[in-house]
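Each of the next two complexes has chain A plus one other chain: chain B in the first, chain C in the second.
This part shows the complex of A and B:
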């Protein structure tokens, strides 16, 4: 696995400055709430970092609506809590231009967009969603042979490592999931594709090597999936990735914590 | 400008493709009631959440009853995952097998 551990640290420490504001229509009372600024890890998920944000705005919301589920929006697009924060941010990259920081996100309590977002009843929902992704990734990489043989306390190291922003705790277990079990390659590469400007995701089976035994590069993969696009740029973690990068290397070093690569095609 | 036309026609093809239907097989696990009809044709753009809702109606479950859906008896797909993605990755012999259960079966 991952010999280039420097990049793992680098990606783990990636943060975004966010400015949260309550939707003007939902301000209750005469006093306007101050915006709330926060540095959020790209690798994390909004429900895990927004407790303070909710607390800050709750007193400015109609008491009858305080029990409703808080949700986030940017430029009229509801933000999916089940995507990593960095992925959501990168989806708004257009023509090489990233969204200005701090990223201005609007907070809502009312009018939950049922047709666009899934509900996040509690932190357990984030945990089970995250663990399911890891299991799926392990099925793709190792035919489910690694995750299932890990003990419960090892699984919880992964989750608490993410929750408490503890790199060593997370990677002490995650390294087992990032080692190919047969030869030098995973069976398939867990990968989610997005096109900038859209929140829909596509997923297909991706192999790390071609039939003639050569490593498949990012450029070859993108050409296969987006044949009609003329020389698209590919981003992950806000970085434009060189086309000659092998997808196996990317999977080991540039996956999000759910063990999936999240690739944004611009 | 020419590129725009190519892309928008590609999008139209995608939209039409997503209306196409795929075959899914719904299999009961544990204490879940068995369906008379297991084989269903569903639109590719349908989400896991929509399938769960459909199943809840078929099985006449109470709103308090939980229902879980699994792929390959291994993991629970995210509610916003589409049938197309799951079919493209996990179908066997031209159909997608989904196991459903009233309690958590595979984590």
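This part shows the complex of A and C:
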């Protein structure tokens, strides 16, 4: 079980300062809208924190386009709302250099890039995406034996904990999902790999222990899956993680709320 | 029942062989893993089809007149899902102007018999999801029931090799996503050799 709650609190409270601006081409009328500043939780998802942003910019776009779905872009790259905010930010880390804060994100309503982004017509889409990730993570960790036996109200505790930024509510249920069932380890480690500067994600089966029974460390994992990279740095939550960290420990303590580790290889 | 990736490949090749013999246009595609250069395969098919538009909430009859019939470009991918150890269906559908169908459009396509069930639980049925390999948006039938479906249909360790489970599984979902599955796929079982 995850018992180092100080780390869990620290990561839960991680926030990024964002400056939202409406795309110049989409400003309707003569008055330029003021930029909108917001502290957003790294662990959350953009559609859950952008209601006020949308309201702020809506009056500055063509009335005919106000019904369209709002989407975000940074440096001409559409931002995937289905990734946690902190992951999206860390993807732009290049050569140890993180994006300057406040993070300047451009707002669009027109020309939704439907070949690149999943649509998010309502909050149900975020909930469905989040809960299916949790379910998949539990399949990997416990052959689905924990999530499947939880009651509907326990599932909704997880979701509303995220939605309302309530650590205790979320972790009262999530701790069950973070308990290794077989000995001290999960069956597999739920993990998504990203390479900085690219927006594509790769997933592969990762075991917490090697065939000879030793804990697999982050360094060994990266060497195995990125054989051609010369001593890469590995980030999650904006932190460069020491190579000797066991992946089982990371999974219990450094997973995002969807129960996946999101690892950015730089 | 769960499927290993190696078993998936064998069943996919068997499926493709039959598809070739009846010109059903399924192809084996390869995807190179950008991390370590390894290659994975999946089944894919592209087909222009005509669909009938009905609303998810209405009780309209099946007879709706010509104006509700429209052509749609469909692309189906059958991938291997290593988390669930099962096949995983991804698909996309576009109007002839290149615009993607909406999720509501996709839900509304489902046959009226199943509509009530789906309306109740649509967010756990088909949603948009990133393709496991190319990360592009695709529609996807939620995979968590796939292993359960195969088990319920009698795929146990004893009779697993008598049938191609990909075909059985497909026959349980193809009607939801407008995918035709000619009857002859059901007749190839006896030819299937154990791995």
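In the analysis below, the second predicted complex is superposed on the first by the 266 of 266 C-alpha atoms of A that agree within 3 Å, B and C clash if a C-alpha of one lies under 4 Å from a C-alpha of the other, contacts with A are read in each partner's own complex, and residues count from 1 in each chain.
Quick note on the criterion: contacts are C-beta pairs under 8 Å (C-beta built on N, C-alpha and C of every residue); 3 or more make two chains touch, one makes a residue touch a chain.
Bear in mind that the values here come from a model prediction, so they are computed numbers and not experimental data.
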>> Please determine, from the superposition on chain A, whether chain B and chain C clash or fit.
In response: clash
>> Applying the document's definition of touch, where does A:127 land relative to chain B and chain C: first, second, both, or neither?
In response: second
> Of the partners chain B and chain C, which touch A:195 in the superposed model: first, second, both, neither?
Replying inline: second
> Counting only touches as set out at the top, which of chain B and chain C does A:168 meet: first, second, both, neither?
Replying inline: neither
>> Contact-wise, after the overlay, does A:135 reach chain B, chain C, both or neither (first, second, both, neither)?
In response: both
>> By the touch definition at the top of the document, which applies to A:211: first (chain B), second (chain C), both, or neither?
In response: neither
>> Comparing chain B against chain C, which has contacts with more of the residues in chain A?
In response: C
> Is A:67 in contact with chain B, with chain C, with both, or with neither (first, second, both, neither)?
Replying inline: neither
>> For A:95, using the defined touch cut-off, is the partner it touches chain B, chain C, both, or neither? Pick first, second, both or neither.
In response: neither
> So, does A:230 touch the first partner chain B, the second partner chain C, both, or neither?
Replying inline: first
> Is A:82 in contact with chain B, with chain C, with both, or with neither (first, second, both, neither)?
Replying inline: both
> Pick from 61-69, 151-159 or 169-177: which stretch of chain C gets in the way of chain B?
Replying inline: 169-177
>> With the touch criterion stated at the top, can you tell me which chain A residues are shared between the chain B interface and the chain C interface?
In response: 80, 82, 118, 128-129, 132, 135-136, 139-140, 144, 200-205, 228
> Given the complex with chain C, which residues does chain A contribute to the contact?
Replying inline: 80, 82, 114-119, 121, 124-125, 127-129, 132, 135-136, 139-140, 144, 188, 190, 193, 195, 198-205, 225-228
> Quick one: in the complex, what on chain C touches chain A?
Replying inline: 33-37, 82-84, 99-100, 102-103, 123-124, 127-130, 132, 134-137, 142, 144
> Once bound in the complex, which stretches of chain A touch chain B?
Replying inline: 80, 82, 118, 128-129, 131-133, 135-136, 139-140, 144, 200-205, 228-230
> Mind pulling up the chain B residues that touch chain A in the complex?
Replying inline: 3, 6-7, 10, 49, 71-72, 74-82, 84-85, 88-89, 106-107
